[in-house]
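Each in structure tokens, the structures are laid out below.
Presented sequentially are two complexes of chain A, the first with chain B as partner and the second with chain C.
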Partner chain A sequence: MSTMVTSPPDRQTPPQPEPARAARRRRSGAARRAAVGALYATPTAVMVGLFFVVPLLLVGWMSLHRWPLLGQPTLNLPDNYTGIADNTLVRSAVWFTLKYTVVMTVLLFVVAFGLALLVQHRRPGVGFFRTAFFLPMTVGFASASLLFLGLLSDEIGPVNDLLSAVGLIDGYVSWTSGSPDTALGSAVLLVLWRFAGFNMLILLTGLQAIPPEVYEAARIDGASRWQTFRRITLPLMRSSIALVLTLMVTGSLLAFDQFWILTRGGPDNSTTSLVMVIYREAFVRLDLGSAAGISVALLAVLLVFNIIQLGVLRRRSH
Partner chain B sequence: MPGSKTTSRWGYYVTGTALAILFLFPLLWSGWASLRTPSGFGLENYDRLFSSDGGVRPYHVLNSVLVSTMTVGGTLFVATLGGYAFGRFRFPGRDVLFLLTLAILMVPYATILIALYVLLGWIGLEDSLLGLSLVLIMFQLPFSIFMMRNSFEAVPKELEESAQVDGCNSFGALTRILLPAVRPGLVTVGLFAFLTSWSEFFAPLILLNSTDRFTTTLAVVNMRTASHGSIDYAALEAGVVFMAVPCLILFAFMQRSYVRGFTSGALKG
Partner chain C sequence: MKRSYVRTVAVLAAGLLVTAMAACGDDGGPGGDAVSLDDGTTLTLWTRAATESVSKAYAEAYNATHQNKVEVTAYPNEEYPAKLASAAGAKALPDLFAADVVFAAQYASQGLWTDITDRFGGLDVKDKVAPAHVRAGTWDGRNYAVPHTIDMSVLLYNKDLYQQAGLDPEKPPTTLREFADHARAIDKLGGDVNGTYFGGNCGGCVEFTFWPSVWAAGGDVLDAEGRNAKVDSPEMAEVFALYRALYEEGVAAPASKDEAGPTWLGALQGGKVGIAPGPSVWLGLIEEKGVKMGVAPISGLAGGESTFVGGDAIGIGATSDKAAQAWDFLTWTMSEEAQVEVIAKNKGVPTRTDLAANKYSSADERIVAINSLMAKGKTPYAQNFNASFNDPQSPWLQTVRGALFGDATKALADGNTAITRSLQQS
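Right after this comes the complex of A and B.
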């Protein structure tokens, strides 16, 4: 951070006889340059202040109030927070979101790591494979959800025909709305398809940062493939692994598009995630205060999670 | 490299090809399904996408183009000046502001969108494309400013100093000398801003109320959520293809900077 910044105007100044005058000139040059720098940073400061810091404070302030969509807010501390515990939909959404986060993180990590191991070496065709796995990431998440809605549908989707042709199912299964399990499975499949390649890429960067000599040494020592993987690959990839796990956990705790579009939270609210509840409180029940309360609680959980994760990462890397 | 001898080439190609087919299949299928009609192949599904009640209207597409343009332009403007300031200058509050910008990453936007909705109402930008774009720019900033700061830091200091010796002020040096030098960073930042704003769903869903301000994504999703019972799946797939094609074309042209942007932003950010 402190590498650059000399004051260029001084360079053009011819050497001054009196050192005091030179120092004064340098000081005023530095002050001018600081002012210019601050000027360039002004748009950033305005954007960050107005659209990040203010809303962050505002969501906390809102959570202390009864805040109808239309009309005057009134202080009602701590009703929005106590309301969270009484709200049965919130309770079921918390459990569902946690369950989804665990299932999703484990599966996505295994698949993404498998893909990264498959395409780690330069071989003929590897570029095609990498691109094929990454390509779903270019489709917007909402579009991908709509894509899967059609793909898994009874009407135009090929999945039921394929599965009954090979004898895995008889009769049609309504994948996205038939049962809580198939609805969850549909969303998991969609997220695996869209995000596996992205996480593969991060893990691939980590894999390729391991010096080949380390593997060479392990081979000379007679280490088996499994030993090499456990003792060398995994420890040396700790920071990439920590990064993808954080992204996966955070992303899953905030799941919205996949359930809003693919399962509509059903059947019977069985796939209603926490962020869907926030939306519902605000724009269906028109209670922004309650939505803010849940938001703040979710934000607190995520911050604690992030701080723990940073702490673990920092301690281990020493 | 572990196991490069023991992994059989056949295993690699069979697994790789099978998985590649699995990953490409949904994309190919949606293109096929969007063109398939009861009588064979044609553009009927696209006709219904653009003409049915509650379908996509030309102004929805225009809205998306406007939001993306404002977001890309605004992000490039703020991030270029900000990256220049953070990468080349020292001023009071610099480190605090930089950390605050990166802190946006720690606060997922789903948790503050309710407050942004209220805030935009206060400043008269409720239900507006400009308000939506400003919010999208803000969420784009951590990655963009980080990227631009690193780009500026990588430019040799002498380049800027020589421009100033030649009589340019810092703004002249920025526009004439530095911008061409940081072009790869600008391309990556602009590309990401476009792809995010083009396909963003949750922020427009919350911040836009009237259907004539909907973006295309919102209009297509609305065809699903507004339907009671029967969903026109084929028209939805046409919508998916319509939304995805610009992204796929951009990806084809800029695969390198796209992929590099993802990994560098992800790993260092």
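Right after this comes the complex of A and C.
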């Protein structure tokens, strides 16, 4: 850029006032670079627009209408939103989804962090365990849910027979629909098995990013293991923890597959999640406007959760 | 390089334009008039996995004798309604699609099928086509769907277990009380043998197998318009009480409480269940596993006979522009040739009342018995049937669970209110 400004004027071209020419060149150069930059960004912008922004706006627009599968939508504001309050299934689903989110986030975090600490240091065989913990992640979630359904079934699965053989249970036990607690427990176990390894991997990356010198210094200063963990590991892991907690909370609030396949929302709607209600509104009741209304409300809750969560964690990390 | 970039952009733009125009073309709605056409068109047909084999048998026979070609795609039962709704929202429904007959009124009311009133009215055999199915595919006096497959609920019993229990395998029960006594007698065989089995965590299974007992006793579960529930009737309460007693006594297999549908057939195929109500199409599937089965009508507590006329209804996708060709296929499926050589030959129930007795059915008296039940059976009709009865989150399933395993009186009273509210939801 500086060479252009300082280069001597071309004697063959008609003489022009020096500062005006340089400024024009600077402007055209900047404009060209901006245009090239915009061109590079265009495919991504189009993708984001088409697949994220447009659907989001469409859902917002749908939530204001009575939206038939075929035919013209009609404005019915605010019926889709006021309907949420009257829907008893939504009320029970909200309560259950929040309960599940708390239980799942706490358990998943503890297990994932525990696994990460276990396989943190290089020693013989640690590679095997890291792979083993991560392996369930390679099974599709719907397939994993079906796998658990089969394993836990009294008709075709081995779990009940095994537990009976070792004397832990006596007679028939239904894990997926016998009682609200066993149904929730089955789903929690499935999610722990499937996602603990993935979250372990994120936390492991965070753990390994902490310089060993910090630990050495603490050791020289005579810090205990607990003090090292509390004063060094946890504070330096904040951004990794923020990431996994955000993923866990968001994933739990949007839970669907595990309940849809494993418990069908039962017994007696005790494991019906909010996304299952949205699915029911859209594809069973064929009321797309109502489904969009609940989706927008859920989106607002998610936004609030994420803003608070990231805000708090960022502030602390300063 | 620059030129090739421009060319790529131009090709992409042209492609998008063609796609957009094709999409706009769909908006024009179905073309053609009330005639049939066999002009070599390829037609897409969607169905649920449960009835895939019948749809494929129809398509194979039709493709062999016609220029039009029907391509069948099947989807898992649970995902099928969502698949249809998504396709409708995208205005990309197949040329033909079948659906559980109890959902037909909802799809007709949503305009997912093309109006076939004039076409159907012009058929010679229109009065002989399963009336309950035709009614199910009717909305506001207009026809949208015709029967595709028929499946009825019957009592299926294991002849070997009957013999072992000292019962006469040729004398099935004629009342629901007798059914319970037979189940108790077989349950006494002990071991892993159970008297009976039912889908206690499956709304669809229970309505399919329990409601005929209510109808046989002269009761009803719904009003004719499908706007008010009558599940708190004495007839319904008695039927629930009988099954509840069988479960509490341990005569019904313990897994009945959790049976949500997927392992229902497997339990009967195992050969360890004495007698149970179930779909008539399972007769062949159970016998394939080497279990000798008998068939009897489902009765009321003190007698009578009835059945739930289920199966699939089929119509022309509202966004299809091949309505004339699709109608050609539908007309053919209702012909004597298709009903006898495709359906009856494979031990199915013909969708035409005049073909209940045919050269194939007469070879097996059990099939004759099943076919003759159609006239005594019912297909419930309600716009919101799926949301009110079949869906796992439906108020019906909660009612069923309460009536079988909880506070029965409260469950039936509360359930009736909740189901009626759901049926009337616009």
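Side notes on the structure shown:
Rule of thumb we're sticking to: the second predicted complex is superposed on the first by the 274 of 318 C-alpha atoms of A that agree within 3 Å, B and C clash if a C-alpha of one lies under 4 Å from a C-alpha of the other, contacts with A are read in each partner's own complex, and residues count from 1 in each chain.
By definition in this document, a residue touches a chain if its C-beta (ideal position, glycine included) is under 8 Å from a C-beta of that chain, and two chains touch if they have at least 3 such contacts.
Remember, predicted model here, so these are calculated numbers, not experimental data.
After superposition onto chain A, the partners chain B and chain C occupy overlapping space and clash.
Of the two partner chains placed by the overlay, neither chain B nor chain C lies in contact with A:113. Legend: residue contacts after superposition of the two complexes on their common chain; A:96 is shown touching neither chain B nor chain C.
In the superposed pair of complexes, A:264 makes contact with chain B and with chain C alike. In the superposition on chain A, A:282 makes contact with both chain B and chain C.
Taking chain A as the reference, the larger set of touched residues comes from B, when chain B and chain C are compared. Contacts of A:195 after superposition: neither chain B nor chain C is touched. In the superposition on chain A, contact is made by A:153 with both chain B and chain C. Working note: chain C versus chain B after chain A overlay, options 259-267, 295-303, 367-375 or 385-393, clashing stretch identified as 259-267. Judged by the document's definition of touching, chain A residues 153, 155-156, 264, 279, 282-283, 288 lie at the interface with chain B and also at the interface with chain C. Contact residues on chain B toward chain A in their complex (touch as defined above): 1-4, 6, 12-13, 15-16, 19-20, 23-24, 26-27, 29-30, 33, 36, 77-79, 81-82, 84-95, 97, 100-101, 103-104, 106-108, 110-112, 114-119, 134-135, 137-138, 141, 145, 153, 157, 160-161, 164-165, 170, 195, 198-202, 205-206, 217, 220-221, 224-225, 231, 233-234, 236-237, 239-240, 243-244, 247-248, 250-251, 255, 258-259, 262-263, 266-267.
If you check the complex, the residues on chain A that touch chain B are 1-6, 8-9, 11-12, 33-45, 47-48, 50-56, 58-59, 62, 67, 115, 118-121, 123, 125-126, 128-129, 131-144, 146-151, 153, 155-158, 193, 196-198, 201-202, 205-206, 212, 215, 218-219, 225, 228-229, 233, 240, 243, 247, 250, 254, 256-257, 261, 264, 275, 278-279, 282-283, 288, 291-292, 295-296, 298-299, 302-303, 306.
Every residue of chain A that touches chain C in the complex is listed here, in rising order: 68-71, 89, 153-156, 171-172, 174, 176-178, 264-269, 272, 276-277, 279-280, 282-286, 288.
Touching chain A in their complex are the following residues of chain C: 81-82, 85-86, 88-89, 91, 106, 110-112, 201, 254-255, 257-258, 260, 263, 266-267, 318-319, 384, 386-387, 391-393, 397-398, 401, 425.
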